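In what follows, structures are represented as structure tokens.
What follows is a pair of complexes built around chain A, which joins chain B in one and chain C in the other.
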Partner chain A sequence: MAYLEQYNWDDIAPIPQNDGGENAVAPIAYSDEYRIAMEYLRAVMRVNEFSDRALKLTEDVIYMNAAHYTVWQYRTRILFALDKDLCQELIWVEGVGRRFTKNYQIWNHREVIIEKLGDPSRELPFIESMLELDSKNYHVWSYRQWLVRRFDLWATEVPFTDMMLELDVRNNSAWNHRFFAIFGRAEAVLSSVVDDEIEFTKSAIFTAPQNPSAWNYLLGVLKKSGRPLSDLEQFCLTLSDLTKTFPATSSSTTTSHEEDILSARAIEVLAEIYAERNDFPRATHAWTLLAERYDCVRENYWNFKKRSAVSRLAGCA
Partner chain B sequence: MPAQTALAQEQAREQTRSLFAHQRHARFFNFHIRMLPVQYTTTDTVRLAFVFFCIAALDTLGCLPYDDSEEKEDRESYGLPKVSEEQCAAWRDWIYDTCLLPSRDAFRCSPALSTGPSADTDTPNIYDPGHAAGTYFALATLLILRDDFSRIDRPAMMRFLSSCQRADGSFATGVLLGSNEHFGERDLRFGYCAAAARWIIGGDEIPGAAEFDLEAARRYIVAECVAYDGGIGMGGFTESHGGLSYCGVGTLELLSRGKTAPREAVAEAMGEEGLQELVRWCLMHQTTVADEREAFTDEEESESEDEDEDEDGLSLAGFNGRFNKPSDTCYSFWVGGTLAMLPSRTHSTTSALTLSDVRSNAAFLLQKTQNTLLGGFAKCPGRSVQPDALHAFFGIAALALSADVAREEVGVEEMKRDEVWCGLLGLKGFDGALCIPADAVRYAEGLRRGWREGYV
Partner chain C sequence: MAAPYTPELNKVHNEKVPIQDSLITETSEMQDETARVCEGLILEGQLPNLNRSAHVEFLQVPLQNRLPASFTGLDASKPWIMYWPLQGISLLDPLALSPADSSRVSASVFACISPTEGGFGGGHGQIAHLASTYAALNALAISQDREAWSALDRKKIYGYLLAMKCEDGGFRMHHGGEEDVRAIYCALASAALLNIMTEELVAGSAEWISRCQTYEGGIGGAPDNEAHGGYAFCGLAALCLLGNPIETVPKYLDLANFIQWLSARQYQPEGGFSGRSNKLVDGCYSWWVGGCWAILEGLMPALRMGSDVIWSKADLQKYILCCCQSASGGLRDKPGKSADFYHSCYVLSGLSVVQHRYKISPQKRESKLGEWSLMWDYEAEDEKVVKVVAANAVGPLNPVHVLPWGVAEMMHDFYAKQ
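And then the complex of A and B:
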């Protein structure tokens, strides 16, 4: 325990945890190191001591429990009060981040430090190294959004998602970030940019026709830019040609044309397009294919869609 | 055939067929409430969450002395070890003694943060503030333990909870003493916890008490956090996420609970289109192993030998929390619980959970993440993954929600003959929004009635 070895603590009376003695509920079998460090930590936090020994202690506690949420606030205050080298702190936090990849607190801490320093130059390389460890880390992507907004770093973002999607076209976090990069800015998005996004996504879907992330992105772009779903009809038919099984004959829905169906999502979108234009026989045909053959886990849902369409039809008449 | 033999055979058959290791789970939580192993050190500062998981799980399993549920008789034949009234009283006292702040207006989330009585000094410990989630976990646990909340200052607690709300409508974990600075991540969890706490203490009905900016709270969720794919994220343009969708929808539901028909308020806040997109979003997170195999190239954790059906031909499909991520036990609850709070469409009385495949979800949990030897549930399938208290609780909660749907849709008699359902008949009915058994919620309604009518 570096904090004990490096500093004198004789003047401090450690504060043991009040855990209700014998009656403790779900007590944790702490290691001695952790229990003792926490006793010292309570003692210095109680009096809000800003000192080098307290700073070292926060470091040791964080290594044992990085999710301790108030120790980070305490650490930040010590750093600022003692006017510590904040670049040094960033380097230290990078080590903690790599060791505890699921931790949230480091990102909040880093945000506070960067806000104070006003210099984001270390951040994008660090973020990228963290995404190498876990390309879908929610905290890291959220932090990247904060950084881009805070320091106006928009220019790099679409190319960055190009690269991330090149590595894994199913990375939903990367698709979400792309949506942020295109539509998250204050200014209006050019129609040509929307065209490019639609083409980009369509080609991504050709490489993985069932990929829900790309489909949701495509539908999201269309909706955000006010374009009709029916723009996708030909694209969907290329992926899942329902015209060959409609109108249904006894054999057509059961065995043949399997090779014409590459994507359940394409069938779903076609069903919506047909329903929008009140072509309920075709819509029902598509939902039936999903319920019975191509997306059986959602059978109840596709049957519900059919029932809803029927009742809507009855309501119109 | 003599009636007695038929009955005996029937009983024997039921016992052998149940896939749910009810007794083992009771043992798992009886063990954990006595001692959390050292790897729980990283949960030290949110320990009340784990106290809640253990006690709420024991209650859902029917191990507490309070049992006002309809299925009570079914459970009596299980011979479960019952926790005594005295033990429950000791648990209640422990929560108050170690986690209620001296101001009686909020709870900390763990005894680890307390630095002893501060009455002897003028300077309060600024690092030991009230915690919105700690307050929810304490209140929900106390409700399960049939506490009367006489030790809490309810109007002051409403002041505390209201002080957690930021100007944009979102909620912080709490407020740092001295600086009046909100702390904690910008996360819908705390709004959920504040909304649940407010309902439990009847804070919406205390005359003259502080109140949330309800419109801002709703607006923040619906206008800021709904992502382009219809799910809910942590803020504007963040990725939609099962846990955050649960918290967002739960907040909408709890802020209006009792004021409108069940599920009506959520539908109204989301709007018909938003509702349909969110229902779809949730249902799309139910994944079969085939989906996962396609989604993950070899670097990610999918058991390659797994099939969509187990050896007995049971269909299996759990839930993930984000698209193209592997199924995880807790998302069977986060996403399933969200669906349970959503109507299938506006004005419908049917929950959208009925639109999912509840049986395949239950079968996934029972066959793939349940640990029938140690009890509990693991995060994901795999021989090397150990069960933990969080996933064990959410596994049981998800199964309880599924069983509630099956009671309605399949019927008890049919469930008794089904290997997936028969063992789940012993679980208490469950309130998806408050995340506790339904009979504890009925008890809370009684408390609220008492406060309203001025008995207490």
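And then the complex of A and C:
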């Protein structure tokens, strides 16, 4: 262990682990290296020692257990107390991140360091390299949002999501980030920007008409910008032409028009549009198609939608 | 007006969805592979039994044995490796926990207290953490060790919870730590168990949660973050802790959008839930998403939304029994993954949601702050909705605290009577 080899610890009385007595539950048979390092860690933390040897100890502990949030927090306090080179720290953390890709303590640590440093220039390249390892890593995307807002880095963000969606149009994290990039700023969003987003998303839906991420984004943009759902009627009919299946004979949905149905979500949106204009027969027809054929596992939900529409209509009458 | 369509109940959906996009991406490849593997394990017309004894044995490991060094990664989560198995065993076979185990649990939990801060940390000598505090108190609740309950310094814990509160209404997980919706849930659930809920503690938190609801309808970890099943549960359950849920839930969430998103979490043919759009099913969301359904089912009658189950309990039961059971005991994310304590706890809690109907009964208690999470009742789910054979039955729970039913109530009342 580097901390033992490089520094003298003779003045420190290690504090043994107390799991709660002889009969403790969930004790772990640690390696000797880990057990001893933790004994020293408890001892130096107890006296709030901020020193180079303690810093080295935190490094060794993190390599053995990167999820140990206490040691990260202690490390930050040491770095600040000793006025350490924070750029050096960022480089070190990048190595930890690549070694333990699922670890998320590094993101809070980095946030604290960057906040103190006031310079985000290393961050976007590092984030991108981490997204190459896992393009939907929740903590990486959250960190990117913090960074963008904190340092006003909005200009890069829409093109960045263009690139990520080019790689995988089903990456929901990228869609969510795009929504943030467009609507997350304080100022109002221009109507032309909304138009562009709607067109962009419709094109994406044409490449994969079942993609829920693109649909959620489209509906989100519409709602956020106060546009009516009925704007989508023609678009939905292009993907799922219900005019050919309606009126259906009884509730039979084994139509001869299956080639006209490319998207279950288009049916769902049409149902909402019909229900909004109180066209209950058409809305019911759409929900029935979903329940009986195109999205059966959610049958109970589609029937709930039907019941809700019935009671709403009854309420109006 | 036509009579509402009557669904054929208890039906499972083992066939593929009829429309498959031709465009292939990394997401669709992983999805197709998962669906294929699950399909192979789903047997038409029959369900495997819950391998109860193997699962109990698996969950007894941390209670009865020393864990191998490979568990070092959970060294900062000690209260969790007590709570997860205790919750799982309680649902499977409460008699498998002895009073002797209880006092061992409480001694081990107490070893995690941060004496300077008052909250619980991930282990001895670690700084206090709200998730550790939540798991520690839940483990203590299940232990029902009243001596340990008496020994808790509730005033000090209250001070710790308040110290984690941020000016904007959220909470931080620990000193210098991240602010997210989990932290609100963990702090408020802890306060309810200890009967130390105050207006000061909850001020602004409902508004903070509301800001976490995304355009998709689900809830993210913090404002602007992606909607996620785990955070959705934390946000919804926190709203059930900080006020009368019949009022807070529709007030602070766009409920129609939330339900739409929640409904889209269930996949065919797998039957299980995913945590986010275009992600794979995972057994743990049987709880995080299923727990949301349990709460919503309890609120829907009071919100005039009917009393029918609006998702497929039969399909989730199918996913759990066919795909989440590891042959050597324990429950898992999906076929091909190893069982662990975390998944065992939340898959079994999800199975409890399948088998029970939860409802809130405000007349049970005085309508005041700190009591709202303790008014949940249950009954066995109607066999028209889902058939449950006795061999697979698990116990009921409190859907806000994720504790065996009655335990949170008992702990709270222990302090209320002091």
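Assume the second predicted complex is superposed on the first by the 313 of 317 C-alpha atoms of A that agree within 3 Å, B and C clash if a C-alpha of one lies under 4 Å from a C-alpha of the other, contacts with A are read in each partner's own complex, and residues count from 1 in each chain.
To be clear about the criterion, a contact is a pair of C-beta atoms (placed from the backbone, for glycine too) under 8 Å apart; a residue touches a chain by one contact, two chains touch by 3 or more.
These figures come from a predicted structure and were not determined experimentally.
After superposition onto chain A, the partners chain B and chain C occupy overlapping space and clash. When the shared chain is aligned, no partner comes close enough to touch A:Tyr3: not chain B, not chain C. Of the two partner chains, chain C is the only one touched by A:Lys306; chain B is not. Of the two partner chains placed around the shared chain by superposition, chain C is the only one that A:Ser263 touches, whereas chain B remains out of contact.
In the superposed pair of complexes, A:Val112 makes contact with chain C only, with no contact to chain B. Residue contacts after overlaying the shared chain place A:Phe200 against neither chain B nor chain C. When the two structures are aligned on the shared chain, A:Tyr40 is found in touch with neither chain B nor chain C. By the touch criterion defined above, A:Lys223 reaches both chain B and chain C. In the superposed pair of complexes, A:Gly184 makes contact with chain B and with chain C alike. Between chain B and chain C, the partner in contact with more residues of chain A is C.
Of the two partner chains, both chain B and chain C are touched by A:Ala67.
Note: residues 15, 17-20, 23-31, 34, 38, 42, 45-46, 64-70, 73, 108, 136, 138, 141-142, 145, 168, 170-173, 176, 179-180, 184, 208, 210-213, 216-217, 219-221, 223-224, 297-301, 304, 308 of chain A belong to the chain B contact set and to the chain C contact set alike, using the contact criterion stated above.
Against chain A, the residues of chain B that register as touching in their complex are 32-38, 40-47, 50-51, 54, 90-91, 93-95, 97-98, 111-116, 123, 125-128, 173, 176, 183-185, 227-229, 233-241, 280, 283-284, 286-288, 291, 294-295, 297, 315, 317, 322-325, 344-345, 354-357, 360. Against chain A, in their complex, chain C makes its touches with residues 1-2, 4-5, 7, 11, 13, 15, 17-21, 23, 25-28, 62-63, 66-69, 71-78, 81-82, 101, 104-105, 107-111, 121-127, 129, 173-178, 214-217, 220-222, 224-228, 259, 261, 263-264, 266-269, 271, 276-279, 305-306, 308-312, 315. Listing the residues of chain A that touch chain C in their complex gives 15, 17-21, 23-31, 34, 38, 41-42, 45-46, 64-70, 73, 76, 107-108, 111-112, 135-136, 138, 141-142, 145, 149, 167-173, 176, 179-180, 184, 207-213, 216-217, 219-221, 223-224, 251, 258, 261-264, 284, 288, 291, 293-301, 303-304, 306-308, 310, 313-314. Chain A contributes residues 15, 17-20, 23-31, 34, 38, 42-43, 45-48, 64-70, 73-74, 104, 108, 136, 138, 141-142, 145, 168, 170-173, 176-177, 179-180, 183-184, 208, 210-213, 216-217, 219-221, 223-224, 297-301, 304, 308 to its touches with chain B in the complex.
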